[in-house]
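Look at the two complexes coming up: subunit A is in both, with subunit B in one and subunit C in the other.
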Partner chain A sequence: MSTPAASAPVHSTAALAQKALVIGLAGIVLTALGILVSGPQAVAYSWLVGISYWTAIAIGMLLMVLIHHIFDASWSVVLRRQLEHGLSAFKWLALLFLPLVLATLFYRLDLVWPWMNPAHALAGHETVAGDILYTKKSSFLNLKTFIGMTALFFVVWIWLSARLRKASFTQDADGDVKWTRMNRVTAAMGLPLAALTLTFAAIYWIKSLEYHWFSTMYGVWFFANCFRGALSVSVLIMLWLWRRGDYKGILNNNHLHSVGQLMLALTVFWAYVTFSQYFLIWNANLPEETFWYNLREYGDWWGTGLVILFGHFVVPFLLLLSYRFKVTHRTIRRIALWILAVILIDLCYNILPAIKDAAGHPKPFLSFNLLWVLTSVIGVGGICCWSYFRSFPTAKLIPIRDPRINECLTHHE
Partner chain B sequence: MSAQPYGLIATFETPAEVYHAAEQVRDAGYKHWDVISPCPIHGLDKAMGLKRSIVPRISLAGGITGFITGMTLIWWTDAFDYPLIVGGKPLFSPMFAFPVSYELTILFTAFATIIGMFVVNGLPMHYHPVLKYDKIRRGMDDQFFIVIEARDPRFNAANTGVLLQKIGGKEITELEP
Partner chain C sequence: MAHAQHAAAPAILQEVKPAVVPRAVLVQNNRSFAWITDKICGIIEGKTPTWWWVCFIVACFVASFTVAGITYLVATGVGVWGHRSPVNWGWPIVNFVFWIGIGHAGTLISAILCLLRQKWRTSINRAAEAMTIFAVVCAGIFPVFHVGRVWYAWFLFPLPNSNLIWQNFRSPLEWDVFAVSTYGTVSVLFWYVGLIPDLAVLRDRFYATGNKTRSFLYGLFAMGWRGSNRHWSNYEMAYLILAGIATPLVLSVHTIVSFDFAVSLIPGWHTTIFPPYFVAGAIFSGFGMVLTLMLPLRAIYHLEDLITQYHIDCMCKITLATGTMVGYAYAMEFFIAWYSANPYEGFTFINRAFGPYAWAYWIMITCNVVTPQLFWFKRVRTNTTLVWVLSIFVNVGMWFERFVIICTSLTRDFLPSSWGYFSPTIVDIFTFFGTFGVFSVLFLLFIRFLPIMPMAEIKAVTQQADVHSGSDHH
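The block that comes next holds the complex of A and B.
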C-alpha cells in the first residue's frame, strides 16, 4: 500500500489511511457491542447522531465546492481540492446509514422513528395510526417514502460529488477549460438539489423523531451546521497540510482569513436561524410547538441548551471577530475544534431527547449512553477520514491547471 | 515658494522597484510618507510597514452601542416608563428585545464603519500638494512615486533626498505645500 516517497509528489497518506480505517472499524465494533450493554434503541440513536454528524460535514463540503463554482471563486481553488477528497465519503456514509434502515425493517419498526410503526403506543391512550397529526402527515412520513428519499439523497450527493471530482481531477491532466464549465453547470443544478436534499434529510432523519412538531426553520438550521462543520474541517485540513509541509508556499494568511470570515458569517447565520426558530415558538406560545422546547428544558437538557447558546454562538462569534485569531494557526485550530464539538452537542440536543423514559421525560444527556454517541462519531469519522486519505494521493495536491489557480496562490485581501 | 516644502517626491519605473524602495523607506524609520501607484501592488502594505486599519474596532464599538441601545430602549419603554403586559408575556424579556437590539447592532455598526472609515482615511480630500506636481498624472498610468512628507520627524531635505536617490528614485523633486 505504501508508495516510495521519491516517486510520490506529495507525502504518502497510506499510513494515515490505515490508521483511520482501524480507528473507524474499532469505533463501529464498540458501538455494536454497545447493543449488549445499553440495548438496541440507545445505540441506534447514537448511531443516528454519528451518521448525521459526518453526513452534515460532507454535505457542507459539497455546498462549499458548489458555491465555489457558482461564484467562479478564485481564493478557494487550493482548498477546493481537499474538499473534493472529502466528498469521496458519501458512498461510505450511504453504506453506514444502511444499518438503521435494516434494523427498522427487520428488527423493530419503531426502533428509531416512532411513526414507522402504526401500532406504536403514544403517551396516553392512542397509537400512531389513530393520531390525527400523523395521519395528516402520513403521505410524507411513511416507511416507503423514507427509504426512497434517503436513497435519493445519497444518490444525488454521490452523483454530484462524482461529477465535481471527475471534472476537477481530469483537468489536472489535460488543462481543458471545459471541465471548469462542466463544474459550473453541476453547481447551477446542484445547489438547488443540495438545498432540497439536505432540508428533507434533516426533516426525515432528525425532525421526524418528534413528528408532532412544526418548524419551518429546521432545514436552514441543519444547513448552517453543515456549512460550519465543513468550514471547521477545512481549517483543520489546511493547517495539517501546512504543518506537514505540503502547503508551504501555497497557503498564506489571506486564505485563512477568508475561511475565518466565512466561519464568522455562518456563526451569525446559525444564531439567526436558531434564535428565529426559538423566538417564533416562544412568542406564539402554542402547545403543539412549545412541547419540543419544554422537553429540552427538562433535566440537564436545559444546561445543554445554554452550552449551545454560548458555545455555538457567543464564544465563537466574539473570538472570530478578531483578525489575529483568524490567522493565528493555534487559535483558529482551537476555534475549529471547538465548533466541531459544539455541532455534535447541537445534534445530540436535537436527536437524543426523543428517547423518553417511562414517565415521558427525555433521558438525560450526560449518561452512559453518551459513550455510544462518541464511539459512533469515531466509527463513522474514522471511515470518512479513511476515505479522504485514500482519495488524497489520487490527485495533485492543488488543481494546478485550474484557470484561477494563480489568483488563488496570490490571494490578497 | 515657502521655506518649508510639503515633501520630496521620487519617480520609479516598475512595481518591483517601488516595492523594494518602500521597504527601505520603511526600514529608515519614516512614518509620514506614501506610495503612489496606478495599480494595486500585492504585499505593498507590508513593504510599507502599514498596520491593519483601526476601523474594525470603531465598528465593534458601534455594534456594542447599538446592542445596548436596543435592549435599553425595550426595557425602558415596556417595563419602566410605561409598564404594559402584551400577549401574556413578561414586562421585559431579552427574547423580544433581541430582534430590536440585533437590528440596532447592525445599524450602529454600519454607521460606525462608514463614519470611522471616512475619519480614518481623511476623505473627501479636495486638495493634495502632490496634485501640483506636473508629472503626477503618470501615476495614474505607468509610473510609480514615493512621497516623503516634510512633517516627518526624520525628514531632512538633504538626507531624505540622498535616501531617495540611494533606493533608486529618479527625478527627486521638492513639492510645494
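The block that comes next holds the complex of A and C.
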C-alpha cells in the first residue's frame, strides 16, 4: 500500500507507536473486564460508541483528502500527508468492529440492535417479529444485510484509502503527475461513495438502535461530526509535529488559520443541521418522531442535550470567530480537544439512550458505565494512533513531489 | 508558530521538487489592464447593438404578460388563479421558490467563493449578483400579488395599524418576509459596493470623452471614489463584511423557504433534510441560470479571454456537485419514506413517481440528476453549446422540482374524497411566462448601462498582478 521512503523522517515514531499500542490494548482489556462489572450489554454499547467515534474521525479524514483532490487545493498539501497516515486505521477499525458482530452472532442476537432478534420483547407484550414497523423494513434491517453492508462500508473505505495512499506515496519517489490525476479520479468517484457509505453506516449502526425513529437528515448530521472530528485531529497533529520540530519552517500561521476557518464553518454547519432536525420534529410534534427526543429529555439526558447545544455549537463558535484564537497554539489545541470531547458526548447522546431500564426509560448517562465508554474510546483510539504512527515512517514527512507543494509551503491569506 | 517564517528550513525542503501541473490562467492571452478596462467599458460606451434592441423589445413584450396577468388579477380577484381545493397553494409558490432559488448562485459566487478565496469568481460575480437581484424581484411578484388586495401587502410587515392586526409570527411565510427582504437588501448593497470603483472608471472615461451627463450620473453613484489607498482599504473591508453577512443570509433564505413546507404535517413536505436540500437545489438552479446567461454574453461580446474554459469548467463542476447533492436528497427522501413505514409518506413518494404527475417527476429526475452527470466528461464541458443546453435542462428541472413537491403532496392528501388534479389557468401561465420578460428586461438594462464584470477584481487575478509571476517557487 505504501512505498518506503528514501530517507527517514526527522524523528522516529517507533516508541510512540509502541506506547499507543500498549494504551490501546490496555483500553481493550479494561473494556473487556467491564463485562464482569456492568454486564455485556452496557459494554457492547460503549464499544459501539468507541468504534463509531474513531470511524467517524477516519471517515472525516477520508473526506478531507477526497475534497482536497477534487478542489485541486494547495494549502492543505502538507496536512494531507498526515491524513493519509490516518487512513491506515480503517482496516483495524474493521477488525475492531468484529466483536460486536461476533457477540451478536454467538452470544445474544439483540445484544445491541434489538431488531436483530425477532423474539426480542417490546413494551406492550409484543415482539419485534410482530411489530409492523419492523416487518415493513425487515428486508433492510436484518442480520445478514447488516453484516454484508458493514463489510461493504469498510471495503469501500479501505479501498479508497489504499488508492489515495498508494498514489500519494509513490509520487514522492517518481514525481509522476499521473498519481495526481489518479487521485482526482479517486476523489470524483470516492465522494459519492463516501457520502452513501457514511449515511448508511449512521443508519445501520446508530439510527437503527431505535428503529421506529427516522430522519432524512441523519446522514448529514453524521457527516458534520465526521468532518469536525477530522479537523480537530488535524489541528492536534499539526501542533504535535510543530512541537517535535518536524513542521518548523513548513507550517505557518495561515495553515492553522485555514483549518480554524473550516472548523468554524463546520461548527455552524453542524448547528444548522442539528437545529433543523430538532426544530422540524418539534414543530410538527408527531409522536412517531418526537419520541426519540422525548427519551432524551429524561433524567440527565436533558442536561446532556444542553451540554451539546452549548458545547458543540455556542462555545466553539464564539471562540473560533477570533483570528487570534485560531492561530494561537494553546487556544486552538484546547478548542480542538473540546470539540473532540463534545463529539463523543453527541455520539453518546445518539447511542446510549437506546439502553432502557425496566420501565422503558433510558438509563442515565452519568453512571459507572461511562467508564466503559472511556476505556472503549481509549482502546480503539490507541489502536488508531498506533496505526498512524506505524504508517508515519513509511512516507516522506510532506508530499515533496506534489504539484502544489510550493503553493502550500508559501500559503498566505 | 508566529516565528514559523524565521525558523531554519528543514532538510526535507531541499528535496521538494514539485511535479508540473500548471494552474489554469484566469485571464487568457496575458491581457493588459488597459485591455480589460477597454473591453468591459466598451460594452457600455459603444453604440447600442441591434441585437440588444431586438431582445429588449421582445423582453418587454414578454414582460407585458406579467403586467396583464397581475392587472387582471388585481381587477378581478385571486380566483383567476388556479388555486382550488385541495391545491390552495399552487402555481405562485412554485414560481416564487423557483425564482428565489435562482438568485442564490449570485450570492454564492460573490460571497461564499469570496470567503473561500476562489479567484475564478471574478469574471462572473457581477453578472451573477445582478441576476440575484432581478430574480428576487421576479420572486417577489408572486407573494405580493397573491394577497389579492395588493394595496394591503404592507400588512405583511409588523407595522402598527388601526385594526390592531398582527402577523402570525409562528408562520414560516412571515419569516419569508423578513428573510427575503433582508436578503434582497444585502444583495443590492453587496452588488452596489462592488460596483463603486467601476462606476468611477466610467465617470472618468465619460468625462474624458466630453459626455458630461453620463459622467455626472456615474459620478453620483461612484460617491467620490478616487481610488486612494484609504478608499481601497475601506472598500475591501466593507466587501469582506458584506460577504460575511451575505453567506448566512443565502443559507437562511432558502432554509426558511424550505420551512414553508417542512414545518407542516403534509407527507412529502415534512422531512428533516429539506433545509440543506433546498439550499443545494437553489445553488444548483442558480448556476444553471448563470451558465444560461453568461455563455451567450461570452459569445456575443467575445469575452473568451475573461470567461475562460476554466470558468466554464468550474461552473459545470459546481452544477454537477449540487445536482448530485439534490439527487442524494431525492434518494434519501424516497428511502426514508419507505424506512419510516409510514403509509402516507410511502404513498406520497410512490404517487410522485407513478401517479398522475409522474411525467413531471421524471422530468425533474432527468433534468436535475441524470443530465448533469454529463458534466463528468471533459468533452461535454468544453462544448459550450451543449453546456448551454444542459443549463436550460437545469432551469427546467428545478422548476419542475418545486411543482412536483407542491402539487403531488397537495393533490392527494389524507382524504381520498378530496383528491384532485391541479391545472394552471391561462392567467397563471401568462403571469409566470411574463416574469422571464421582466427578468430579461432588467438584465438587458444591466448589460447596457453597468459594467458586467468587476474590472479591478479581474485585474487582480491577471498574471501581471501576481508578484510571483514567472517563478515556480513562490
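One rule holds in what follows: the second predicted complex is superposed on the first by the 404 of 413 C-alpha atoms of A that agree within 3 Å, B and C clash if a C-alpha of one lies under 4 Å from a C-alpha of the other, contacts with A are read in each partner's own complex, and residues count from 1 in each chain.
Here is the rule we use: a contact is a pair of C-beta atoms (placed from the backbone, for glycine too) under 8 Å apart; a residue touches a chain by one contact, two chains touch by 3 or more.
Bear in mind the structure is a predicted one, so any value in this text is a computation, not a measurement.
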item	value
Touched partner set for A:402, first subunit B, second subunit C, both or neither	second
Partner chain(s) touched by A:171 [first = subunit B, second = subunit C, both, neither]	second
First (subunit B), second (subunit C), both or neither touched by A:321	first
Residue contacts with subunit A in the superposition, subunit B compared against subunit C	C
First, second, both or neither for A:283, with subunit B first and subunit C second	both
Subunit B versus subunit C as contact partner of A:410, first or second or both or neither	both
First, second, both or neither for A:136, with subunit B first and subunit C second	second
Residues of subunit A that lie at the interface with subunit B and also at the interface with subunit C	283, 410
Touching residues (chain side subunit B, partner subunit A) in the complex	40, 42-43, 52, 56, 60, 87-89, 95-96, 98-99
Of all residues in subunit A, those that touch subunit C in their complex	7, 9-10, 132-133, 136-137, 140, 171, 175-177, 180, 188, 192, 195-196, 199, 203, 214-220, 242, 245-246, 248-253, 256, 268, 272-273, 276-277, 280-281, 283-284, 286, 288, 327, 329, 396-398, 400-407, 409-410, 413
Subunit C - residues contacting subunit A, complex	1-2, 4-5, 7-13, 15-21, 117, 248, 251, 255, 259, 262-265, 270-276, 324, 328-329, 332-333, 336, 338-342, 376, 472-474
Complex interface listing, subunit A residues touching subunit B	275, 279, 282-283, 285, 321, 323, 410, 412
